[in-house]
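In the two complexes that follow, chain A is the common piece, with chain B as its partner first and chain C second.
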Partner chain A sequence: MVKSTNDRIANAVVFIILLVCGLVAVFPLLYVLSVSLTPFSEVLKNGGFILVPRSITFDAYHKLLMESNIPRAFGVTVLVTVIGTILNMVITALMAYPLSRKQLPGRNLFLMMVVFTLLFSGGIIPTYLVVKSIGLLDSIWAMILPNLVWSFNVLIMKSFYESLPEELFESARIDGAKEFRILLQIVAPLSVPVTLTIGLFYMVGHWNEFFQAIMYVTDRTLFPLQVVVREILIQTQQPLENADNMTPSETLQMASVILASLPIIMVYPFLQKHFTKGMLLGSVKG
Partner chain B sequence: MKRMKAVAVMLSSIVLICSVVAGCSSGNSSNSMNKKTAGALGESIAGSGESSGPVKLDIIETGNNLPTPDKDFIKQAIDKAIQSDLNLTVYASGDDYKNQLNVRLASGNFPDLFQVSDRAALKQLVEQGLVLDLTPYTDKLQPVKDFIGDESLKKTTIDGKVYAVPKAPSIPYNTYWIRKDWLEKLGLQPPSTIDEFLKVVKAFAEQDPDGNGKKDTLGLTGSKLSTFAPIFGAFGVGDPNTFYIKDGKLTNSLYDPAMKDALGFIKKLVDTGAVDPEIMANTGLQHQEKAIKGQAGIIWVDWPNLSKDQFTEQIKKVNPNANWIQLAPPLGPGGQHDGPYDLGGTTGIYAIPKALENNKDKLQKVFDLLNYVSGKEGSMLVQFGINGTHYNLEGDKVTPTELMGKEAGFTWLYQFTGRPEMTYLQTKFAPQSKYIQFANSQPRIQILNGFLTNPEGYNPADTIRFIEEEFVKFIYGKSPLTKYDSFLKTLESSMNFKTYMDASTKQLEELGYGK
Partner chain C sequence: MLLPGLIYYIVFKYIPMYGVIIAFKDFNMMDGIWSSPWASPWNKHFLTFFHSPYFSQLLTNTFLISVYKLLFGMIPPIAMALLLNECRIRWFRSLIQTLTYMPHFLSWVIIYGILLALLSQSSGLLNQWLKDAGGTAVPFLTSTSYFRSILVGSEIWQNLGWGAIIYLAAIAGIDPTLYEAARVDGAGRLRMIWHITLPGIRTVVIMLLILNLGHILDAGFEQIYIMYNIQVYAVADILDTWVFRTGLQQLNFSLASAVGLFKAAIGLVLVLGSNKLARRWGEGIW
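Moving on, here comes the complex of A and B:
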């Protein structure tokens, strides 16, 4: 196919726009990485705005990994993320599948109940009361169970299941499969894209968890990564009230940011390719 | 048939969901149930007067860098001394802390001791009936009273009743700091009057004191209007909206006739273009960063932020010649005053929930804790760490060891009743000793705002913002000073300021000020 000049110009424009967007997205990350690797005196001398470090030091990382609460917090976060995501996925699938079957009695009622939670929530204090009364305070379950299911994800999954051809279910039934078997052996393998996409949502959610930790957990040994990192970052934003405080240097702060976000950034590319298939809701799927 | 199957699917999925949820939470909830029953058991035993295990105390406050309990030697030492099991939780952000406190108070899950951000917040809690009136218990808190001084309790007295424990009085930290090497380079003397000050500020911006051939330096920087605190002081007025005694009369700085003159002079300073144009935007420690980077010649800041080892090291790395010295407040028509010192101010207030009234043992334990950290042994512990490890005692003199700097940076989180500020700082910050003394010995206007409680119908946040905005307009020449009186009128008519003034005057007169 011969491309016209117009096409080429259009392509070039699109390319440039995308390139700029890409750079805008990558730039802050590079900056953070660069500052975290540069000796702090360099940062101060050069006004803190260096893209490629002039000299490299791993002091900040060493300090964070050896002397701070970060390794322990890292463990907590990994635990919460792994357990949490698995539970999330199981429960969400178990909820979405029946809702996607038209023969489910009272389906509309259940759907209404799910959608209702999207629009209204109890608020902080009632939620706290619930968490407290079932004895979840000060345990890692307080960071997992209150958000076990995100209604929106149920809807996405439901609509994916609905898009599967009805004949599939019929033939499975003719072959004698019951609902559980259908879900496990027919539906689950076909819904890898949506499962991975939603899994990633849940995963990122758990990884970035700090609000529930701050509300429900007072035991310092159970603080997740983001709470600890936030503590390091926030310190320099308040003027010193107490002379004893050690203010962490910018290098240290940036290193903590990198440590907190790197793992999830590394997972992301492997799941990203499933996004377009998995994320479509209420539109025509290819 | 189809129906039946569907029902089965539905039921089985519900059962499964329930069982999974239950399965996940059961282990833990039974665990916490055990804890609860154990706790109740412990309390009932204690109630019957027999020996009890350690009493668990839940404490929340703002702070940071608290180690985990296994490394927290202060917690361990206090627990051993008073038979307690402390669970201190600190929140790095004030908002997080407020959320946590509100939720816990609202849900009845009271901490046993908690920080209150200020007097206004304390008043609110008192009105809601959430904090314990300590007046009947003052005998039990004698060591605390001795430690913080009887006067201090005025800070947390509302309608004649003591509702919380304030920390022992602090000392002022802030002064102007000036680059001596820049002064020398330009052949100038440290300014002693406000006119000289103006000249130096201007020279720092215009005569290239850092010698890099570029006009890239600032004369003066700071954070918000407090940047000009000693200038206000030079005219004998306190910072905006502060109360003090002037010529025997109770005065609010906004109504002080000298305020207009002060504003006029500050406008002159700003007009030179040598004052950091971002002072109102500087948040946190941005002004300090500018100073360390060598962008400004004079800064209004506290001594820790410029003279602690951590920062002198940074300064040296960026510019080995930089020589920051403290500057006495410049002399003006109203005398010589550094930033104001709040007689009613405190660095922390701690309250006990009213619910603890019914749990005498726990209440007694909280008193024990407060008394312990106010007593000789406990106070030393929360100030310096463990004797022989973090410091050595020779007679009365405390000599810090290397471990103190390494490990004991968090002990202040346990200073619930404060500390003897001067000796504490002199010991812990021996190299900064002269700066501490300098900041402490400067003449200051003694303001009284810390004793005030806001009256009904007065919104302090809005008012403060309004005053700040208007002051910025005056300083930057957006509105002429002739409009100052109409600014006061607007303040009174739209911000309920009259009510505030009347209420404040009455409160202060009741405390014996201005009569």
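Moving on, here comes the complex of A and C:
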């Protein structure tokens, strides 16, 4: 096929617009990174525009790691993410598997129960009172249990399980396998892609957790990363407890932003494909 | 197998729904939900809210922010999907996809940090440019005239690439013979977009639009809570943020629950109504 000039122009236009979109997506982060590495006086001198820092300093990172709550908060967030994601996955699978089996008695009622929570909720105050009354306030469980299962993920997993051939289950049953065994040894290995996707969704959710932490946690030693970073961001005058520090605040603020987003950005390229797959799974089947 | 999941749903979803009765009571912590006296008249807290000056302000803010996000937030991802679909260079296409999906995984705290770097009055990039050009610094983040644009803009930035995924999926589902037939008939690329691609994704667009209508009272609690400050309450305070402050910071549980229930009830009606509408449109179109 011969390429017409028109086609070539169109290709070029598409190319340029997409390039701009790509730059718009990454530029802000690169800028933040550059600010975090540059001495503050330089930031001001250069009119702020420095994508490649002229002089680099790790002062801000050093300060954050030695003198702030960031390392502790990092630990809290990792703990919540690991425990939370594992529990999320186990309970979601245990919920989705029975719901995917047509022979479950009361299946429609249970399904209704799950779907209804997507439409209506008691609201934040009554939920807070429940969390308070079972004594979860000020514990890391307050950041895990109230959001243990996302109904939407149950529905995605359920529809995936339903797409597995029925004969598989029948033959397993004839061989004498009970439901737990079927789930563990037959269904689980077949559903690695969907499990991975949903696990990643839960994981990012925990890493970015903010809402439950500000609702249920007042003990400063249990603050997760996002909460601590926001505190650093809104304290413009004295970023840390000791007021005599020499590193001006914006460099510190941006360093904290980079520290909190680094893990996500580092694992992101490897996970991206799975996310896309999962999103499509959810949208086509959900 | 269902048991752990069911316990979760009952404790964290259904007990709070029962807990909304405190909206009709004069709740106090000492007596608990059951023994607190009933409010008199029963709708006292609702009346207080309806007659307060907050009522129209909160409703306007919630509604406007949602509608802006809906109007301005839908078109960029559609355009993005069209552009990506037109892009003929494979590696470039996947590079741009990878870059533009990424902001979706950053938390609002991180995005707020980025906004600070770009827009803060003292050292933000944009204000440095303004000052260099001889202008004066603009307090973008604390001014009522910019706040909503910043909310909507940052949401578009976060969701540009990610939102395109579902439209790309819809485009992929279009019968390729349609394009061949059009090419034989001498249609150019723009004509093919206009007559084949856009009608091909029309159902998805309308479906998403209607489903989003159901969540019009949500407006995005976390984003607003993280970004707003006392100077912009007048344009930024929404139902959810007000409930949070009134309930958990001023300990006015009953009033906050009443407002939460009001919001949840309207949300339920909207979701059910728009679902019905979606079905009717779904049949009406093809």
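Everything below uses one rule, namely that the second predicted complex is superposed on the first by the 242 of 286 C-alpha atoms of A that agree within 3 Å, B and C clash if a C-alpha of one lies under 4 Å from a C-alpha of the other, contacts with A are read in each partner's own complex, and residues count from 1 in each chain.
In this text, a residue touches a chain if its C-beta (ideal position, glycine included) is under 8 Å from a C-beta of that chain, and two chains touch if they have at least 3 such contacts.
This structure is a prediction, so every number in the text was calculated from the model and none was measured.
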item	value
Clash-or-fit label for the pair chain B, chain C on chain A	clash
Touched partner set for A:Ile56, first chain B, second chain C, both or neither	neither
Which superposed partner A:Ser256 touches (first chain B, second chain C, both, neither)	second
Touched partner set for A:Ile16, first chain B, second chain C, both or neither	neither
Which of chain B and chain C A:Val35 touches, first, second, both or neither	second
Which superposed partner A:Trp141 touches (first chain B, second chain C, both, neither)	first
First (chain B), second (chain C), both or neither touched by A:Arg72	first
First (chain B), second (chain C), both or neither touched by A:Val82	neither
Touched partner set for A:Ile264, first chain B, second chain C, both or neither	second
Winner by number of chain A residues touched, once chain B and chain C are compared	C
Partner chain(s) touched by A:Tyr97 [first = chain B, second = chain C, both, neither]	both
Identified clashing stretch of chain C versus chain B [62-70, 206-214, 224-232 or 242-250]	242-250
Residues on chain A lying within both footprints (that of chain B and that of chain C)	40, 44, 47, 91, 94-95, 97-98, 124-125, 128-129, 134, 145, 148, 179-180, 214-215, 230, 234, 236
Residues of chain B touching chain A in the complex	2-3, 5-10, 12-13, 16-17, 20-21, 24-25, 28-29, 31-33, 36, 58, 60, 64-70, 87, 89, 91-94, 96, 99-100, 102-104, 106-107, 109, 173, 223, 283-285, 292-293, 302, 304-305, 308, 310, 314, 317-318, 347, 409-412, 425, 428-429
Chain A residues within the chain B interface of the complex	40-41, 44-45, 47, 69, 72, 87, 90-91, 94-95, 97-98, 101, 103-106, 124-125, 128-129, 132, 134-139, 141, 144-145, 148, 179-180, 214-215, 218-221, 230-231, 234-247, 249
Sites on chain C touched by chain A in the complex	1-2, 4-6, 8-9, 11-20, 22, 33, 80, 83-84, 86-89, 92-93, 95-103, 105-110, 112-114, 116-118, 120, 122-125, 128-129, 131-132, 157, 160-162, 165-166, 169, 188-190, 221-222, 225-226, 229, 240, 243-244, 247-248, 253, 256-257, 260-261, 263-264, 267-268, 271-272
Sites on chain A touched by chain C in the complex	6-7, 10-11, 14-15, 17-19, 21-22, 24-26, 28-29, 31-32, 35, 40, 43-44, 47-49, 91-92, 94-95, 97-99, 110, 113-114, 117, 119-131, 134, 145-146, 148-149, 154, 179-180, 183, 204, 207-208, 210-211, 214-215, 226-227, 229-230, 233-234, 236, 250, 253-254, 256-257, 260-261, 264-265, 268-269, 272, 275-276, 279-280, 283-284
